[in-house]
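First up is the structure itself, then whatever we jot down about it.
Letters A, B and C mark the chains in the order given here, with residues in each chain numbered from 1 onward.
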Amino acid sequence: MLEFAVLLGTVVFAISGVIAVAARRLDWFGAVTVGVVTAIGGGTIRGMLLGEFPVFWIADLEYLAVATAAALASIPIVKALRKGPVDRFDRGLQLADAAGLALFAITGASITLDLGFNGAVAVVCGIVTGVGGGVIRDLLAGRQPLIMREEIYATAALAGATLYVLLEVVVGLPGGVAGIIGVALVLSLRITGIRREWQLPAL
Amino acid sequence: MLEFAVLLGTVVFAISGVIAVAARRLDWFGAVTVGVVTAIGGGTIRGMLLGEFPVFWIADLEYLAVATAAALASIPIVKALRKGPVDRFDRGLQLADAAGLALFAITGASITLDLGFNGAVAVVCGIVTGVGGGVIRDLLAGRQPLIMREEIYATAALAGATLYVLLEVVVGLPGGVAGIIGVALVLSLRITGIRREWQLPAL
Amino acid sequence: MLEFAVLLGTVVFAISGVIAVAARRLDWFGAVTVGVVTAIGGGTIRGMLLGEFPVFWIADLEYLAVATAAALASIPIVKALRKGPVDRFDRGLQLADAAGLALFAITGASITLDLGFNGAVAVVCGIVTGVGGGVIRDLLAGRQPLIMREEIYATAALAGATLYVLLEVVVGLPGGVAGIIGVALVLSLRITGIRREWQLPAL
């Protein structure tokens, strides 16, 4: 289940990377590279912070293969989206990013707990895993990072990862159940933020 | 004393991160995230280069707590500054950044020496610790990194870290005395640079 | 021979870094810093991914010394170029970058093989080594990364590193011969791309 959630997050983040550079004069492999970097970026930073070497996608090439396949397969989808209104295109990026953020914030926290770190470290590493790939994607694409533009972004990852850790470590729910609740919280916060331009008290 | 200097640097860099994104439509936690990343970024890069894992702020959550508290506490200060002239606001960022640069350049060099590396490595790691957090802050905030805009920036860190290492390793001064002299040199070089737009022969 | 190729790549990437910031109001040491970071950035990322600590340029200060010397020596060259047409200047950056990309894609793959990783990991780490320094350089300089602007960039590194690994591991050619062929392939693909604005089917 954890494995499946990580692979699903890998797929949606790879798609978000391809969307982010769709307007560039990149060749196919360039676009795939950005998709792959987006998909594995957050987990790579988490692994480096915790000292897990070699990083997960070198230790097990499955993730790199899935990210590459997802990026390649998304190119025709992205092309189709580009024929629609620009609006729908941007929404596609936001939704793929929200799904990746939710899945990686929770799986990142879960993996950190499994390595024996405490709940606070797990929450921080969940946030890092969730937001890391998207930040790298946006810097590469020359876009203002979503985390700098949108309300309820890092906050959504914080809320979901914290709830997940509390449910699993304190309440004692099975990891899968706690994880689904955590993912649902991040997703619903992000999507509410996207749809209503919901704002916390702005700085 | 080293501990105190690191915590002080953490505080001023966290403040600089909040100032850097004050004009953004970020929610409070988004601004705190940028402050925290700025505060721990330089030491994180140093630790990764040297192979110290898990990184210092995961091994000891005190730094993360101090950075978070400083970022939170600085939000009202930053709001107050924003009511003043823009000029004063930018100066606040430059001064907080200068203080962080000075403190982290010297403490970064000191920590590297304590790990048993030689003086040349300590100087390089001091520079990396001093400039790293600010570069990440400015990339996230979509600003041209200060290190790319200002004279006497990396140069100030180089001069201060070199003097500190010479005074401690070659001359044999006590670490605290050598450190204070090094911090004072970085600070005075940076502030002179800021005030007089002092220039080395420009490239 | 591997050592020589790494040092040559270090030199050309250091030069590319100085060129990239030549228009900035940086002092000399600021420009040298960017050159050095460009020269050692790709190998640093590779080492971190694979778990080789401390990173190569801390373990052996020779690389840092060569990068610093090359950056310093290139400042008069860059000044001379700046007196010519802007066009020639940009071409200098592209050519230095192409040489660095070719040398580091192959040496990065070779070093990864020597550490005992398989051919697929070697190809990926070759690409990372080849493109990493240039991406950091362009982000620091506030330029759109070359890898985001140019066709046949990551693709050239992929092609060359793959051919090199096949020739050395599968065909069994001596490493030096396989390496020269790989470097030649990356270089000729990149230079053809630069000269003819050759394009793969754009996304």
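Throughout what follows, contacts are C-beta pairs under 8 Å (C-beta built on N, C-alpha and C of every residue); 3 or more make two chains touch, one makes a residue touch a chain.
Because the structure is a prediction, the values reported are computed rather than measured.
**Student:** Take each protein chain as a node, join two nodes whenever their chains touch, and name the resulting shape: line, ring, star, complete or other.
**Tutor:** Topology of touching chains reads as complete, every chain touching all others.
**Student:** Tell me whether chain A and chain B, two copies of the same sequence, contact each other through the same residue numbers or different ones, using over half shared as the line for same.
**Tutor:** Here the answer is different, because the shared fraction of interface numbers falls below one half.
**Student:** At what distance in angstrom does the C-alpha mean of chain B lie from that of chain A?
**Tutor:** Roughly 29 Å separates the two chain centres.
**Student:** Can you tell me which residues of chain A touch two or more of the remaining chains?
**Tutor:** 48, 139
**Student:** For chain A, which residues are in contact with chain B within the complex?
**Tutor:** That would be residues 48-51, 117, 120-121, 124-125, 127, 135, 139, 144-145, 147-149, 151-155, 158, 199-203 of chain A.
**Student:** Tell me, which parts of chain C touch chain B in their complex?
**Tutor:** The contact residues of chain C facing chain B are 18, 21-22, 24-31, 33-34, 44, 48, 53-55, 58, 61, 64, 75, 78-79, 139-142.
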